[in-house]
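Note that the chains are named A, B and C in the order they appear, and that numbering of residues resets to 1 at the start of each chain.
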């Protein structure tokens, strides 16, 4: 087994909030944003970190990067205690907060990279080598000399990723790196991350709302809710445990009322197209298709696995999911 | 240390370059800020239209206080004036970004801006001080000549330390930065007058707690060879550089401790 | 009228949302008030009367001026908010609304002023009155005249800020004019030092200008030293300035709008 590069043991973060009670009375209450979580991440893996808003995702990432001091527990990132040795750690990690920029608003992208080179003390030759490589892979060349404020969101995100990786970090933390991007830009970002991980062995912790990011990139998934880790395991296991339902999409010759079939139920009707949910342990797709064909004239069929999004929605709704082993 | 100095210059150089893109606008702002700051001196002149002296200080002597305090404060404003926007850096997450970079957070906050328009304030201070030094009755010695620049440097360090230490309040109460203004802008306003005219508690505040009495008042006692009417030890008139270093050290400790209490925005 | 009321409430609430900022601002004003009070006391060590102000009048000036400066917005975002919208072109959407822009902004500004009067000026003044021996009128009419004068001062202040903001239609830079306007209004409104302290005939001239109508006029009325000795006369002059400046604002807005339409922003 490879060495763990991130170790988290019983970590907590409590905030004191003041709650209004009546006109003047205010009550101090402690809220646990992160309530005793633990996991290890091996070097060179890409792990997806998921959770609804306010679940404790950002708080965890902020503790891992040394921004916040944990209220309890133990964290080691690249062998360092992040909050105590923040500056030292900063040299070895890269961070992208999707909704904020680490680039200089008024300066051309190239100048931002140059300032970062000095901040991270990267040797000039290594900097050039990395920048050439990233310029190539991310197609930065057309806008390297454009001030950041004039870049499109997709261009800026490519700049942000480059900025986070120019100093050869061992680990990168990405918070919503594809938020607001169009399909093409999203694909470019994902391809790039996959490549960086394969080529350089960079460990990636990816926080996202976009489950397609996770399907494309992550072998392992952590799900946090209400400050507790409620899932730690692979994507396939998650699907097996929580997504036994599949969907058969049938295109009929003409619009019809929802079909009535044993072992399946219609979840959606759109003109002549109907979506039928069924459990794989109750009926097979072949049986179902035959049953549909017996009732109506069938033009086309397709089978959809349960969307990972649907699974995650269900897990959030249920609160706690059984932990994979 | 030299390394940090170089990176500081590089960072503010980048800020200054982008401001120089709009030269006409910058020039107007420099003039504007010089005039606006000069108002405090106009107040002094108007007061002296009605009285020959204030608590035994002539207009030339008060102008000397104003000049030293004004230049120190203007330079401080140039270096750390954007601490006024520090709460905003906390609110919009910029400070998170700062914390994941391999440089001291304080250095990065200080280097995050450098408003060239504030040079106007420095210029008006230099103008007033020049006139005051020429007009005041000073028995020049080497020591007194050295004290003028030394007092300004000490003043910058004292104001900077006070500003940084007070700005840390934003780690707890984000929208209370104007509270800091009372002591920064207010402190500068106060430094232009002999501290003997203020009530005892105010004097004690600027002597022992927020040591702005050491920016202009004590150096001026030395430069003008005036007796101290408060009956304090005579050595205090030479103490500004030591007080300055102490203030900066205390400010650093306060800052480092405050950062550990940082809560970040949005949890 | 209903809309004006709603807008004023919004103006009030916008400031009420930041009680921390109010407390901090109050603290700063009190601190400055103390400093200026001590400085003026040092002047009155040698004089009993400056331009008609005795020491009690001067101390009343300090606490009224420090309190009113928030009410008439001697500083603050309202000096450049509209200018910024002109700069970005957002003002076009304001102009298409079926309400008069100047009137709508004035309604909001009245709400803002109300908030500042209640939570900044009043506590500030009470504290000053408790700490120092200041002049307080005993005559009901004078209180009334002071109240009317403060209301007119808010209108004058609004009209001046409106005009300064509108310079953004013609000038590329809005910060330069704003700083210049701040300098002039601070000095000539009596915020820095009572206009009565200026040497004659300067003092009287300044007290007749519209800037004095922002701040100095109500204070002069409070301490019983209105320009020319007549409270009614001072109020009429102040109201005339308010009217003239509001009209100037309307003309400037019309001209700016024409420019916007012709040049397409």
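For the reader, a short list of remarks on this structure follows.
Throughout what follows, a contact is a pair of C-beta atoms (placed from the backbone, for glycine too) under 8 Å apart; a residue touches a chain by one contact, two chains touch by 3 or more.
The structure presented is a predicted model; accordingly, all values stated were derived computationally and were not measured.
Innermost chain of the displayed assembly, by C-alpha centre distance to the whole-protein C-alpha centre, is B. Of all the chains, the one whose CA centre sits at the greatest distance from that of chain B is A. For this structure, the chains sharing the highest number of C-beta contacts are B-C.
Mean C-alpha position of chain A lies 47 Å from that of chain B.
We define each chain's centre as the mean of its Cα atoms; on that basis chain B and chain C are separated by 28 Å. Centroids of chain A and chain C (each the mean of its C-alpha atoms) stand 53 Å apart.
On the side of chain C, the complex with chain B involves touching residues 18, 20-21, 23-25, 27-28, 31-32, 34-35, 38-39, 41-43, 45-47, 50, 172-173, 175-180, 182-183, 186-187, 192-193, 197-199. On chain B, the positions that touch chain A within their shared complex are 6-7, 10-11, 14, 17-18, 21, 92-94, 96-97, 99-104, 260, 262-264, 266-267. Those residues of chain A that touch chain B in the complex are listed here as 15, 33, 54, 56, 58-59, 62, 65-69, 83, 86-88, 90-91, 93, 95, 97, 99-102, 104, 106-107, 111, 115, 118-121.
Put simply, chain B touches chain C in their complex at residues 22, 24-25, 28-29, 31-33, 35-36, 38-40, 42-43, 46-47, 49-52, 54-55, 117, 173-179, 181-183, 185-186, 189-190, 193, 197-199, 202.
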